[in-house]
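Next come two complexes, and both contain chain A; in the first it sits with chain B, in the second with chain C.
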Partner chain A sequence: MAVEDVIVEPWYMMQMVQAFLQAPVYHIVIEVLLIVWIIGLLFSKSYRIQERVQLTEKEKEDLLAEWQPEPLVPDTPEDHPALHPRVVSGKAGLKVVVDGKECLNLATLNFLGMLGNKRIEKAANSALYKYGVGSCGPRGFYGTVDVHLDLEDKLAKFTRTEEAILYAYGFATIASAIPAYSKRGDIVFCDEGACFAIQKGLLASRSKVVYFKHNDMEDLERLLKEQAKDDKKNPKKAAVTRRFVLVEGIYMNYGDIVPLPKLVELKYKYKVRIFIEESLSFGVLGDNGRGVTEHFGVPIEDIDLISANMEMSLASIGGFCCGDSFVIDHQRLSGQGYCFSASLPPMLSVAASEALLIMEEKPGIFEELRTRCKWLHAKLSSIPGLKVCGEPISPIMHLQLAAQSSRTEDTTKLETICNECMNQGVALTVARYLEGEEHLLPPPSIRIAVNVELTEDDINDATSVITNVAKMVL
Partner chain B sequence: MDRTQPKGSPRVPAGTMGDGGTTYSGVNPNAVWLNSRGIWLSYVIAVTILHLILLSIPFLNVAQAWTLTNVVHNIGNYIFLHMLKGTPWETNWDQGKSRLLTHWEQIDFGEQFTTTRKFLFLAPVILFILASFYTKYDPLHFVFNLSTMLLVLIPKLPQLHGVRIFGINKY
Partner chain C sequence: MVLGGENTLSGSAPTANGHVKESNGFIQHSNGHVPHYKDDKIKKMSQESFEPVPLLVACLTYLGYGMLVLFGYFRDFLRKSGVETTHSTIERKKMKDFVPLYQSFESFYTRNLYTRIRDCWNRPICSVPSAEFDVSERVSDDGNWHLRLTGKSRRCVNLGSYNYLGFAENTGPCADAAAKALQQYGAGVCSTRQELGNYRIHEELEQTTARFLGVEDAVTFGMGFATNSMNIPALMGGKGCLILSDELNHASLVLGARLCSTVIKVFKHNDIEDVERKLREAIINGQPRTHRAWRKILIIVEGIYSMEGSIIKLPDLIRLKKKYGAYLYLDEAHSIGALGETGRGVTEYWGVDPRDVDIMMGTFTKSFGAAGGYIAGSKRLINHLRAYSHSTTYACSMAAPVAQQVISSMKIIMGEDGTNRGQLRIKQLAANSKYFRQRLVEMGFIVYGNDDSPIVPVLLYMPAKIAAFSRELYQQNVGVVVVGFPATPLVESRARFCLSAAHTREMLDKVLDAISDVGDRLQLKYSLNPPTKAASAEECYKQVDSLAHEA
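And then the complex of A and B:
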């Protein structure tokens, strides 16, 4: 009897049971098997799928027996520089008082001389009396003060982008921005000489990192070509992979400038997104101090994200990212340093706003800074025994030994030079790295920072001091 | 059956969330929401409502309504548990770890044969048995019911955890 014949007739339980007794055998067999399987399933234990090799008891015992505990705090030599920090008293402006001695400051990154600027101090003081010292809350929980929104607005207008986002700590800016966009399964092409903050951001992002040789666009192109070949082999995977190129405007470890036009060309050819870390080039390069994009005349729309530290040119604390609205807005929920740290103290936001205003009012200081960089670079190049690394217009230059031997020897020589120079009134510092943690350890060097307030006399005096000391030590 | 703490998941202090796990911070909600209090009952009620709606359509007879309930339930099960990958929200804490995993593979962080998974195994089987009974073991209906039930049961087996046949739905 066909089932469709009984459309209007109600189905009685008797009929149903009858149908069950007349059911085909294969059907009953399958149902019985299912019920047996269910009962087996209900009594099965839960387990995890093992992905790792399981060690036998003996292997575990062997491993435990051969383990030698290392001390929690390893022995440090007595003369380790971290144990003898130089103490600065007062403001570290053009002249700094180190360990009681007044020296010319060529060590701190106060490029535009904003530290100690009376106008900024006055604005910060009135903000201090209005808002207090700290903000005591992350941006999402009553930590957003009107001065933060004001500063973000000003930064967006200054850099001519759509939106900017503020972070409370410079290191955390780029280290939060990278993992917000790049996740597992994505690829980041990063310069070998990138700073430590970038390296930590890449580690946190869990993406595949491909390092290209420092400032070598041919090497980058070769890697991009290889990636394009792999993508052709697996187009479905390529369709869900995001690709980024991460560079710095001026590299902290080397002092050279990224060749941006070529990079933008590669961006459009191989479809990658560019992130630039502009801590050292913001407020230094370009006619109006807008950074490496203005310096090369590259339209800012070509760059996907710019991240910068406010701890250098702006002499405040914290950092910012700027770019298109839909890019920057994502960080408001995904930027770990934005969501889970207290916001920038209002006093420092106001100081940064004021510094930005000064930068807008006096666009001549950028050319002045670059002139001084060029003078210092030229003078330092003529010192026998030392060579200068970095572009002439970069405010950071590294003095390396011309004849390099082992790392410890070179570092000791450079430290001696620094100490002697300090005795003679020039404050210098050896560039410090976490030696076990850096991806590519640069050669030991003295890192020199240029200040726009340096006069030609200052530069000449400093150079002669360094020359004499170098002659003495080397 | 203790449903308050799925095995292998991050420990939560007793009494924080009360029930089986709507969410605790830093954890993929997809992995724990099906352990929540009342979810299984809601599932059963949802299937019942679907069946009642299908029964109300005048030109379907009882057998067709049952088969349709079974088929629609199984297809919905397949799409939501085995076809859609990843999560509908940002996973800020795990950097996209579950981007390529289906919902089934994310349940209870990949642990096999937990109570939720057993419940989801049971649902299509019980529906199949009921549908067979109410269609009076008709062969044509049997074909539809069995094929959709197999479609939904086979991807749930632990042997097929993370397996993508012919690379379909892999990325």
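And then the complex of A and C:
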């Protein structure tokens, strides 16, 4: 068949114009209106409540004039302890001068006595005269100083991991590391007793958070099983939902140790990655102070990410994460606190390096520390009216009231004990929390920190002071 | 910088002994209002150029990215088929049944674009980051996947560090004072401010900061980033609060706002009309769905924007916030010390009362050559933060030597050391910024931002030129910062120069020659504006020379 035959006769321009002229007027009007209506429908916005309520200008002005904002912040109660902090002058080593009075220091987290170590000060001092104080830039923009790279290498070697990454602030370390991996849609199983930095990291990650009972692996397994059941129902979603477990090596709020071997078992069974915050266990647990993995003899490769700050055992500032390069390197572009913050002042980096060196040279120091922890724990346990919370080998322990009543009343009692002990030469502090913001607010307590330099006499003196004061107050 | 109000700054001139009379160079006007500017003066101060990208350049830039993406896919294919060796790290075998830690499209950009030019970032230095620094040389044996230090270093002029007033020093009074503080207090603290980490030196630092800023009280923190991210939640916690945030705000402000779990609205960068529109809408309509009135509204802005070099239009914002009853959070990370006749930042620059800004935030990293940050304002605000800030409750306090560095440098800026050295630094920075920027504009580069800003961004646009510019200047012993996507919009890759008071005119002349040379070779002089003539060096440095003469 010829092609021409199937072509419809063209509609000539002339004919179009004629048809238009011949058509009745009402017809054209209706068609035009229809077209306008269709265009209007196509371009109109979807239905919104605000548009239905059309306010007049006057009404708007009235609303604007009537609006009364709340004050930016409420008045802080005059007696809030933060407004009357104790003032420390001089080094907070084994002895500390608080409000002009020298005390035995059982309050600051200087476990290995690195704060006050002359060698560290000397190293920091020469770094100061080489690099100045600030690094004046983030790591990406000339804020990487050779001493940072050196410390990262040393930390990786010390922890026996592939790579370590430095942060300029202890709190920001885990709080940045979590959102670097766990995103919206992912699931994090978190111990309900986890510290505040972890809670903030979880909030920033926008992931789904499932809390399990503090240190209760059975409860965790129950939740993991539930999750596995859900995953079976929706395998497509499960294939892209990353799962993490977040725990602390030694819990800041309780002083107990995570049951790691069981956790690692669960990891491979339920395919969840383990992140551990080791601020309190790094430089404390294990024969070489490598932390909770060494304590339990768990291979460190089984842990996906370890985070710790350098503000306790190492007595410097900042923190680090370590693990496989595959995991850690990602933070160099995605860790917010790493990318967008000025790097750690070089002198503080050097101080941490030197402290790490001392730890390597004196591996006996960790056993010494644990011995003192046990001594103190035993002594404190015998004080009537108070109970000790935490493992005997933990460098922090929480002293709670044996008979608890209301929170404010208990806190006042503990504050009084602290103040009176301070008068008698023992510096103690009540553990401070933001009461309205904690996921699970621990009971009020005095947080006692152990320093490796404590002698048996110091411990005896301190406990007898606390015993006497407790007897007096309670 | 000259202000409009007839006698606005007359009281802040240094007296004979170098002391500055007014706490913040600000004179309370009899009527207590924001000073009324003459139109042309304010116009000059808020003059900011953002020349649009020439059409051809935009097309070529997109084409460049298109090519890179195509090649990326091609090379990914080669890697998958084993033709090209994969250098990226892979996950342990044990973990193969786990859900992958990263999605592959997340890493496409890193693998195929960033890695090719990663040597332009994270360059290690091995000296103090002052006007010049030693940059460690790195080489790669595997196509930029891994960089190895050669052990050699190169002395470069430093146009990358935030060392506005030149206090990144390893000698002199600040370093000596810091060393003394180190001896007295040690390096770390091992406790929080609310427990036993409240040192006498912290209290001194806070009093000095409050005095410097001319406000009632201040509280300081160990990290600038955390100052924002850990304190905004203490201010805007709970339901029914609204945060209005500039679209170009720093990541720390964005994170802080997010951690509030409240409603956040974003307005166009430095666009006062947009702020007003959003404010009015918010107050009129109330909260979404319930239409209940907002409890409070906080506007969050920065003083100088570090990628744009723009200065916030503060007087307009203060007018708005007063008119509508909102609160104002001002992040002066880059402007404190760097702007204003006596270095008091953006409030002094505009001649407004710092007490009109509800929350004055800033960092010590930049102008003071230290680390950390502060929040300053009314006694009531600071008391609240001392009690309820995440940072004072849970985070380790600032290291003593760092605090001392801030105290010492701040006192020098205020002239409390009895010299005019601080004043000289401020003048030198202002002259450097003006001279450097004008010369670049004269050469025909597209330069962003405000004329008075010490941050000078120069547009590079094309992805290949990012690396070329950085590498070429490095070869000529100049260390510069280049920034591309995602830190900037895709087509607006740029180089960013940070001026410092430590730079001398000779250094800048040398650098400008190098930049001009590289700019010619890379064809970076894009500007279509009619050529302008830069002010002569003598004119720019007039004030500096006379001050130096005095000293």
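What we mean here is this: the second predicted complex is superposed on the first by the 403 of 474 C-alpha atoms of A that agree within 3 Å, B and C clash if a C-alpha of one lies under 4 Å from a C-alpha of the other, contacts with A are read in each partner's own complex, and residues count from 1 in each chain.
Throughout what follows, contacts are C-beta pairs under 8 Å (C-beta built on N, C-alpha and C of every residue); 3 or more make two chains touch, one makes a residue touch a chain.
Computed from a predicted model, the values in this text were never measured in an experiment.
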Partner chain(s) touched by A:336 [first = chain B, second = chain C, both, neither]: both
Chain B or chain C, by number of chain A residues touched: C
Touching partner for A:69 - first (chain B), second (chain C), both, neither: second
Partner chain(s) touched by A:21 [first = chain B, second = chain C, both, neither]: neither
Partner chain(s) touched by A:13 [first = chain B, second = chain C, both, neither]: neither
Partner chain(s) touched by A:351 [first = chain B, second = chain C, both, neither]: second
First, second, both or neither for A:205, with chain B first and chain C second: first
Touching partner for A:88 - first (chain B), second (chain C), both, neither: second
Which superposed partner A:31 touches (first chain B, second chain C, both, neither): first
First, second, both or neither for A:39, with chain B first and chain C second: neither
Contacts on chain A seen with chain B and repeated with chain C across the two complexes: 204, 239-240, 333, 336
Residue ranges of chain C in contact with chain A within the complex: 89-92, 94, 97-103, 110, 114, 121-130, 133, 135-136, 149, 158, 160-163, 167-171, 174-175, 178-179, 182-200, 203, 222-226, 229-230, 235, 237, 250-252, 255, 258-259, 261, 280, 283-285, 293-298, 324-327, 358-359, 363-366, 368-371, 380-381, 383-388, 390-396, 398-399, 401-402, 405, 479, 481
Interfacial residue positions of chain B with respect to chain A in the complex: 7-8, 61-63, 90, 92, 95-97, 99-100, 108, 110-115, 117-118, 121-122, 125, 128-129, 132-139, 141-142, 146, 158, 161, 167, 170-171
Chain B contact footprint on chain A (complex, rising order): 3-4, 6-7, 11, 15-16, 19-20, 22-24, 27, 30-31, 34-35, 38, 41-42, 44-49, 179, 183-186, 204-207, 236-237, 239-240, 333-334, 336
Residue ranges of chain A in contact with chain C within the complex: 50, 55, 60, 63-64, 67-76, 80-83, 85-93, 96, 98, 105, 107-110, 114-116, 120-121, 124-125, 128-137, 139-146, 148-149, 168-172, 181, 195-197, 200, 203-204, 238-243, 268, 271, 273, 301, 309-312, 314-317, 324-327, 329-330, 332-333, 336-337, 339-342, 344-345, 347-348, 351, 427, 429-434, 437, 447
